[in-house]
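There are two complexes below, and they share subunit A, which is joined by subunit B in the first and by subunit C in the second.
Now for the complex of A and B:
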C-alpha cells in the first residue's frame, strides 16, 4: 500500500468532519432567524460601521520595522541558546560573538537611517484630524 | 594559485572580498545619508559607489588573474571559484557604469543615497548568486537581488509608468519566487539535501521519486527563467524596462540577467549533472532547449515590431537571453560542455557592456527630453555625433556584426554549439541574429540618415552619462583584442564546474 494513501485519508477526514458537523446541525436545529444572529460579531460590541476603513499609512512603516525586529529575534534566539554551552566547549569568544555583532550592527545602521529619515516620526495629518473631530 | 578561503580580513574569505566591498559600500552610503538626510552631496555619493564597485572589480579581477582553486566556504553554503569571480567581474563593471551614468539622472531627484545603496545591495546579491552552493543560499541571494530591484524600478515614485512597472515586476517576481521555493522544497523532498554536491550524490538513490524530482527541477528552471527574462517568464521585462529609469533598465537587463544565468549554471551543472539526470528521465537539457528556441524567436520577432526604443531593447534583451541559454541547452554527457558553457558566459560578459551602453544612450536621450519612439531619434546624430557613434557600436555589436565584440561572442557560442552536436540550435540562433539586424539597423538609420522632424535643443552635455556611454563603447571595442583571453578564461572556469 502506498504510504501517501494515509496522507490523502487525513485530508478527506479533515475536510469531512467540519462539513459533516455543519450538515448534521443544520438538519437537527430549529430555524429561528433573528436580526441579532445575522449581525456582524464584534466581540460583544455593537458594530458602528463597515470594516472597510482606511488606516493611516504610517502604521505600515511601524509594521515594517516590527518585521525586521521579529526576524532579528528569530535569529538571535537559537544563538543565545548555544552561546554558553559553546563557550564551555572552548569555542573562542570572538568566533561566537563577532558574527552576531556584525548582524546586529547592519540592522542598527538600517534602523538609525530609517529613524533619521523620519520613519518612526508620527506625522499628524491635518485632514485626518479634521475628519476625526467632525464625525 | 591563491587560497580563496584565506582570511586576510577576519571572518571574510578572500574570494568573497568583492561581495563584501559592495555590501560595505552600500552600508557606507546609508551611513552618510544618516548624517544629513536632506542635503547629501550627489558627487560624494556617486564617487563612493563608483569607487566601491571599481574596488570590487579590481579585487575580482586580481583574484581571477592570480589563479584560484574552487573553494567551498562557510560550511559549503558558498562556493568561490572561477565562475563566481568571473560573474562578479561582470556585475561590478555594470554597477560602475550605471553608477556613473546615474549622476546626471539623479540630479533633480531626492533619495540619491538610497538609489546608490539599492544598486549596490542588488550587486551584492548578484555576486552571492554567482557563488551560491546550496539551494537555501541561492534563494536568499536571489531575494537580495530582487527586492532592491523592485524598489529601483519604482524609483520615480511620482511617475505613473515607473510605479506601474514596479508593481508588475514585483507581482511577477513574487510569483516566480514562490515557484522557485516550491521547486526547492520538492527537490529537497526527493533528495534530502540542500547543497549542490550533496543533491548530486543523493540523485543516485532517488530513482523511484524521479517524478517529484523532475517537477522540482522544472519549477527551479522557471524561477531562474524569471531572472533571465526568458520565455515564458519574460512578460515583466518590457513593462519594467520601459517604466523604470533608463540606468536601472540597463542594470536589470545586463547584470540581473547575468545573475540569473550564473545561478542557473551553478544549480543545473552542480546539483543535477547531465550524465545522471538525463538517464533518470529528469531531462532539463530538453527544457532549456525549448526555452532557448522559444526565447530567441519570440524576443527577436517581438523586438522587430516595436516602435518604442526601450521596449525594443527590452525584447532584444529577451532575445539575447535565448542565445545565452544555448550554454545550458547544448550540454550533453561527455560533450565539450566547458566550451559551450564558457562561450555563453563570455557572451554575457560582452553583452554586459553593449546592452548597458545602449540603455545608457536611451537615458541620455531621456535626459535631453527626446521622445521615446524610434521617430524621435531621427537626426540625433547631427546634434550629438559622439554619442551616436557609441550607440551605433552598441547596435551593431548587439546584432552580432563583425568587427564588434558581439560578433565574436556569438560566433564562439554558435561554434561551440555545433561542436557539441547541436547544429540546429546554432542555426536557429544564426537565423534570429540575421532578423535582429533588421531592427537594430533601424535605430542606426534613424540616428544618421533620417531628418529630424522637430529641431533638437540639447542643453547641457551630461558629463556622467557621456563618460559611461563612452566607457561602455570602449569596453565593447577593447573586447576585440581582449576577446581571446576572455573566452579562454570563461571556458576554463566553466570546465571546472563539471
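Now for the complex of A and C:
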C-alpha cells in the first residue's frame, strides 16, 4: 500500500512537469495567427482531403495477434515467479514444466497457423503491386 | 484479476524466503526512497507516505529530466558528430554545454501553431501522456544508493505496464494530427510496439525464472552472487553473463520498443517526415521529444537492472554505476543510429513476428529447462 502511494506521487509529478512546461511556454511564446500558417504539412503542397483515410488492414491483423499473445504473457508471468521457488521446495520438474510446455505449444501452433494463413505477411495493395518497378 | 494478484503475492513470498535461505543474498539494508525521506522528516502513516512520495518523486523526475536535457540537445549531437567526423555544438559555454539552456529557451518561446482540423483534446493530451508514461516507469527502477522511489512486489510488471502507456500517446498524436504522415507514423509506432513488446516481456520473464521474483530490488540482489571466480576476481551473476542470448534479444527488442535505429520506422525521416510528431511545434514538440528520450533511458535502466546487475560495480558508488550503464545503453542507441540502416516496414514486422517472437519463446523454454536441471 505504502509503495503505491509513492508510485502515485510520481504519477502526479509526471503530469505536473509537462503542465508546468506548457504554462511556462504559454507565457513566453508569441501568438501571431495568420492564414496559411495553420495548413497541415504535406511536403509543401496544398493539402488534399482529410487524413482520416482507409489504411492497410495489416495493422488490424497484427493487433488481433497481439491481443492473443499479450494475454498469454500475462498468464506466463505468475508461473515464472513460482517456478524456481517451487523447484527448490522439491516439486518434481515434470509437474511444473509440462503444463506450461503444453500451453506454449498450443500458442505456437496458433502462431504457425496464423503464419501459414498469411496473417503476419505484409499485405501490399493491388495498386502498389501494379506500380512496383523494382523487384 | 484478483486471483492472479494473490498468486503473484504468494509466489513472491515463497521466492523471497527461499532466496534468503538458499542463496544467502547479501542485500544492503536500504529502504525505498519515499520511506527514507518520510523517516528523515519524522513523518509516518499516510501523511508521511504522501509527503515522502512527492519529494522522492520530484527528485527522481528531476534527475531524469536533467539527464534527458543533457542527452537530447547536446550528447546526441556530439555523438552523431563524432561518428560523422564533425565537431557539432561548441560555441556556447564549455564544450557547447550551454546550448542546452539556449535550446530550451528557444523551443519554449516558439509559437504554438495549431494546424487545421486537429482533434483538439487528443492532440493536446498526447504530449502529456508520452513523458508521463516514461517517467512513471522510473518509480520502481533501483538506481542504487537507496535511490529507488518505491519497491512494490510486482515492480517489473509495473515498469513494463507504465512504459507501454506511451503507445496510447503515440496513437493519439498520430490520429489527432489530421496529417497523413502522422497517421502512418502513429500506425507504424503501434505495429512496432506490439510486435516487439511480447519478445521484450517474454525475455524478461526468462530473467524472472532465474530470480524467482518480480521485485526489482530482489532481482538486482540475486545478481550480486558470484557466478565463477577467475584468478581471484569474482565474476558476479549478472544475467547478461548467465544468459547472453536473452540479453541480446532484450536489447534488440528494446531498440524496437523505444523506436531507435535500425527499428526507427515510426519516425523514419526519409519516408514519413517525422511520423507522429510532424504537426507539433513549440512546447508540444519539446514534450514529445523529451518523452522519447526518457523512454530510451527507461529502456537502458530496465536493461541495466535486469541484465547488468543494476547498481553493482567496483569502487564507485552504486548510483554512479547505474547511471553509467544507462548512458552506455544510450550511447549504444546512438551508435546504432549512425551505423545501422533502417529496416523496411514489412521486413520489420517479419523480423518481429517470425524471428524475435519464436526466438524469445525458445529462450523462455530453454531457460526453464536449464533452471530445472541445475536447481
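Just so it is clear, the second predicted complex is superposed on the first by the 75 of 135 C-alpha atoms of A that agree within 3 Å, B and C clash if a C-alpha of one lies under 4 Å from a C-alpha of the other, contacts with A are read in each partner's own complex, and residues count from 1 in each chain.
Here, contacts are C-beta pairs under 8 Å (C-beta built on N, C-alpha and C of every residue); 3 or more make two chains touch, one makes a residue touch a chain.
This is a predicted model, so every value here is computed, not measured.
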| item | value |
| --- | --- |
| Subunit B versus subunit C as contact partner of A:117, first or second or both or neither | first |
| First, second, both or neither for A:64, with subunit B first and subunit C second | neither |
| Touched partner set for A:40, first subunit B, second subunit C, both or neither | second |
| First, second, both or neither for A:98, with subunit B first and subunit C second | first |
| Broader residue contact with subunit A after superposition on the shared chain, subunit B or subunit C | C |
| Partner chain in contact with A:109 - subunit B first, subunit C second, else both or neither | first |
| Which of subunit B and subunit C A:53 touches, first, second, both or neither | second |
| Footprint of subunit A on subunit B - complex, ascending | 10-11, 27, 30-31, 33-35, 37 |
| Sites on subunit A touched by subunit B in the complex | 94, 98-99, 102, 106, 109-110, 112-113, 116-118 |
| Subunit C to subunit A touching residues, read off their complex | 4, 7-8, 10-12, 14-15, 17-19, 22, 32-35, 46, 49-50, 52-54, 56-58, 60-61, 65, 105, 108-117, 127-128, 131-132, 135-136, 138-140, 149-152, 157-158, 177-184, 187, 190-191, 194-195, 197-198, 201-202, 205-206, 208-214, 273, 278-279, 282-284, 286-287, 345-346, 349-350, 353-354, 357-358, 361, 364-365, 368-369, 371-373, 375 |
| Residues of subunit A touching subunit C in the complex | 2-15, 17-19, 21-22, 24-26, 28-32, 37-43, 50-53, 55-56, 58-59, 62-63, 65-66, 69-70, 73-74, 76-78, 80-89, 93, 96-97, 100-101, 104, 108, 111, 115, 120, 122, 124 |
